[in-house]
Amino acid sequence: MYEPLPEIQMLSTLIELQRLKRLDRTGWTLRGLPNGTESVAAHSFGVSVTAMLLADKFVARDIAVDVEKVLRIALLHDWAEVRVGDMPRTATLYFGSEARKQAETAAFTDVVEEVDSEGSYTNLYKDYEQRESLEARLVKAADVLDLLIQVLALERAGARGLDEFWDVAEKPEFNLEGDAKQIVLELLQSILKARGELHRNV
Amino acid sequence: MYEPLPEIQMLSTLIELQRLKRLDRTGWTLRGLPNGTESVAAHSFGVSVTAMLLADKFVARDIAVDVEKVLRIALLHDWAEVRVGDMPRTATLYFGSEARKQAETAAFTDVVEEVDSEGSYTNLYKDYEQRESLEARLVKAADVLDLLIQVLALERAGARGLDEFWDVAEKPEFNLEGDAKQIVLELLQSILKARGELHRNV
Amino acid sequence: MYEPLPEIQMLSTLIELQRLKRLDRTGWTLRGLPNGTESVAAHSFGVSVTAMLLADKFVARDIAVDVEKVLRIALLHDWAEVRVGDMPRTATLYFGSEARKQAETAAFTDVVEEVDSEGSYTNLYKDYEQRESLEARLVKAADVLDLLIQVLALERAGARGLDEFWDVAEKPEFNLEGDAKQIVLELLQSILKARGELHRNV
Amino acid sequence: MYEPLPEIQMLSTLIELQRLKRLDRTGWTLRGLPNGTESVAAHSFGVSVTAMLLADKFVARDIAVDVEKVLRIALLHDWAEVRVGDMPRTATLYFGSEARKQAETAAFTDVVEEVDSEGSYTNLYKDYEQRESLEARLVKAADVLDLLIQVLALERAGARGLDEFWDVAEKPEFNLEGDAKQIVLELLQSILKARGELHRNV
Amino acid sequence: MYEPLPEIQMLSTLIELQRLKRLDRTGWTLRGLPNGTESVAAHSFGVSVTAMLLADKFVARDIAVDVEKVLRIALLHDWAEVRVGDMPRTATLYFGSEARKQAETAAFTDVVEEVDSEGSYTNLYKDYEQRESLEARLVKAADVLDLLIQVLALERAGARGLDEFWDVAEKPEFNLEGDAKQIVLELLQSILKARGELHRNV
Amino acid sequence: MYEPLPEIQMLSTLIELQRLKRLDRTGWTLRGLPNGTESVAAHSFGVSVTAMLLADKFVARDIAVDVEKVLRIALLHDWAEVRVGDMPRTATLYFGSEARKQAETAAFTDVVEEVDSEGSYTNLYKDYEQRESLEARLVKAADVLDLLIQVLALERAGARGLDEFWDVAEKPEFNLEGDAKQIVLELLQSILKARGELHRNV
């Protein structure tokens, strides 16, 4: 059909990342919610969308932010999970936060090996892990906010026993400043307000 | 906890888009695969990742492409489905391709109403629907390629009865030219080769 | 084993309708309930059973009703969904109620093409879509009542966020009269009473 | 909203029958297919549809058949399962075929108690269990045929290990005669032919 | 790879028992919880673990108990279900308690036929069915307690409509005495207390 | 109902272990099989049953083995996963085998803290991790054999893409000797034979 071409190096990366579409976020199943509640891929989509909308608010208030970089980080921030799994939070207690970061970074590097001759994906990943750039911190905020919006959606549908997720909302450590911080806190505030209304009505 | 702030307009958009995490792609369930095979959100993640890797190949071969725009289009290209559902292909026969586009565009506009005072999301969506820009056509290619890689992954896991999805691969209409076309065809080629190997081994 | 017979024209229709056994009703997944909550086939079963019991009440109160016709309409009223999907309610806003009806009628006609040389299935479908006959209106009432009983069952099992489904119960438009109307309202009333008790106990 | 009416006796029957929408047919899960493959309600829908199409073929060939009765039997033939479960075939070996029938008949009688002051549902059920009438035998044929079409659909989607279901197709005991028998055998024949083609292509 | 050996008689037993990993406990699906809530195998694991911890408490208070026997009974007590299914409680009403026991014992005997030349598994099963030994009664208590802990876990996750399961906790008939009884009642008590706290908080 | 008793320390352990009933084995979902294919609890049940049958073969051939100890180890060998998750095999590459063992041992110790004043559960766990005793090595063999029987069952049901699991069967390192080794290899042999027959037939 086509004449044979030199094979581009991408397919095995994409095939491996397909697996994130099915990998359950263990936080839900460990708390008694059904399998299939949320895949890692679906969460990554949620984080990316949240990050895009937040970044556009940043831009609207004249905060200098590289939106392309934001979206790249958001899309790739959980790729290591295809090799190490979606470890529950408690796992960090036993492996240690630093060992976990190292292992995930090594896993990420192997996942992208085929496509990362320049090291640019790995650099973005490391930036995210270290929360170095504003873009990395923005994505981390989006990661937390998407989690809380997911919890809110589950609670609206009747799920209970998810209170511990709201603890993070009590003392957020977004490491942002000025208007950036304010925008993120506003969104957090509106999530908390929506949750308050939910439980007032029950 | 925080002093009340003027609520930013984003939350109800994000809550609505959460729904894509659970919405099944009907193509699989209609062909007898289990519920939960792939959500619209997981597919959007796959398209975005594929689009990012393709765009980086474009850049590597000096094709001028706006990667930020690519990623934005990829992330938002299926948002209308939260209001109209993931209609099977056959639906287009009965509604008409034009009516479907109009309905989806109207739905998209309503979904983003709260966050789209500038109309920029809607413009990206229309661009995608019309395949106007190179970026839109690149995302469309990624949409097809992610579908085929998903089919390949399902077939590797034992699924059958998905032959009709490969028809599109026979006469691809990506509307790309030159190196851009070649890169996309190379990836397609390597997918077809992997599939050929799969069925040779069975 | 058997001597070859002229193939009767039924099998591809039946194979296609099998797909309804797996197709999720999108109303539940869009509201955060798990995939597999209710298939279109399971709903059609519920409507048919409800319609049969209602029709027998009609008969018991000497209302002239063609029960065979009732059951036929109930069984076939959602067959078009195998081609156009189970569109969420909001879809109608964007396609228009009339376009949706036309598309679904065209899809239905194609689904039954093999078995409907007389046009009798299509006629029953059109009757249902237009709510022309008493039987069609009875099935429409059963369609709404089965939905509400499903919501009640889900709420009893802990589901929340389904309030909007009860709005339809506030101002029912069953287009029935006399004893027929009264029977349907009685059942509706007992559903509402059961729901009231559920939420009193929580 | 409405003035209180004497409650009609139907709701608890309908609530109980809702449970069939979720009850898995154990034949599939015991053979390693995923939970949610087919509910009892979905199967009942399949049987009813198959029975309707078959009955219409009977009518077309001037076989006297009461279609209303066919549809009633098809819809109610598995209601006892809501109380005794969907017992696997092997269960009959240990309980005995007669004890199983008696238990299921007693369960059916209790399920419909509220709505069956005339005993008409129970009479239809007993007719089905004894295969007395032509209508009962037609529904039994539809029960087997829907099972085989479901197996065919699963095999087309990649399922294996279901060979034992085809044994029944080898020596069908439909207890029908003349044209009625021929129509059913024709459909069976076309199912077997479709299966043959499926496995020739693999 | 290896030299052929005389095949040990175990594999078909193990293959058949694999099926319990997928077989749903019908109690949950009949009450509107999702398919996959709890498999028979997962329940057997829960009963075995509960029995082990209870037995160790017995030992700690100098109650003579054969822990190996406890664990054997716990692991095998539901194997008959692979042939007769997980019958809902109501099924016993229609089959009769004695007939159910006989059928399940016969099924169990067939399941273990290949590995039970000594009859020791069947003897343990009969002991359990008759609650003859202390070990059998301990496992029965663990069976009830695991059920209640599962209900508690589901309620914590938002499930409702499971009140009837708590009735058994009102008048437990564990047929135990002295310290053994006290240990079991203590655990029951702490379950009830945890449940009380759950519903006080809602 | 009962007079208050000093609460025994067991319930929170049991509640936490309930979570294993829902936690998916990630090996399956990462390979494209549906969520809910096998829970950690269901696998633990399978390992325990396999270990019991194997241990009884050992006893029958006069190999001294502590069956109670075997069953205890089999039941508890995966409890750490409730805190660290079911990490895929590749995870070990990045964390290191030793760090993984240490983390899991620490997690296990915390899981049983409430019930393990004597340290006996932790000792059994360490024994298993080090494969010190014959009983530990027997359970490890059962762990591998249950995995392979599960793969065989999935392949019989149509799953594909699981070849890599059979690699372990090529060069088994069960660290057993004499008759013990022979019994395990016999079972392995019969699994491989069954698999060979499966694929001959396809």
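So that you can tell them apart, the chains are marked A, B, C, D, E and F in the order they are listed, and the count of residues begins at 1 in each.
As a convention for this text, contacts are C-beta pairs under 8 Å (C-beta built on N, C-alpha and C of every residue); 3 or more make two chains touch, one makes a residue touch a chain.
A quick note: this is a predicted structure, and the numbers were derived from the prediction, not measured.
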Provide the labels of all chains in contact with subunit A and in contact with subunit D. B, C, E, F
Return the chain pair with more inter-chain C-beta contacts, choosing between B-C and B-F. B-C
Out of C-E, B-C or C-D, find the interface that copies A-E, where copy means more than half of the contact pairs are identical. C-E
Superimpose the Cα atoms of subunit A on the matching ones in subunit C and note the rotation angle, 0 to 180, in steps of 5 degrees. 120
Comparing which residue numbers subunit B and subunit D contribute to their contact, where sharing over half means same and under half means different, the two sides are different
Whole-angstrom distance, CA centroid of subunit A to CA centroid of subunit F, is 32
As a quick test, compute the distance in whole Å between the mean CA positions of subunit D and subunit F. 40
State, to the nearest whole Å, the distance from the C-alpha centre of subunit C to the C-alpha centre of subunit F. 47
By residue number and range, which residues of subunit C touch two or more other chains? 18-19, 31-36, 153, 158, 160, 202
Return all touching chain pairs. A-B, A-C, A-E, A-F, B-C, B-D, B-F, C-D, C-E, D-E, D-F, E-F
Touching subunit E in the complex: which residues of subunit A? 31-35, 158-161, 202
Interfacial residue positions of subunit F with respect to subunit D in the complex: 34, 36-37, 153-158, 160, 202
Note: in the complex, subunit F contacts subunit A through residues 18-19, 22-24, 26, 29-36, 82-88, 90-91, 93-95, 99, 102-104, 106-107
So in the complex, which bits of subunit E are touching subunit F? 1-2, 4-8, 10-11, 13-15, 17-21, 35-36, 38-39, 41-46, 48-50, 52-54, 56-57, 67-68, 71-72, 75-76, 115, 120, 145-146, 149-150, 152-153, 170, 182-183, 185-194
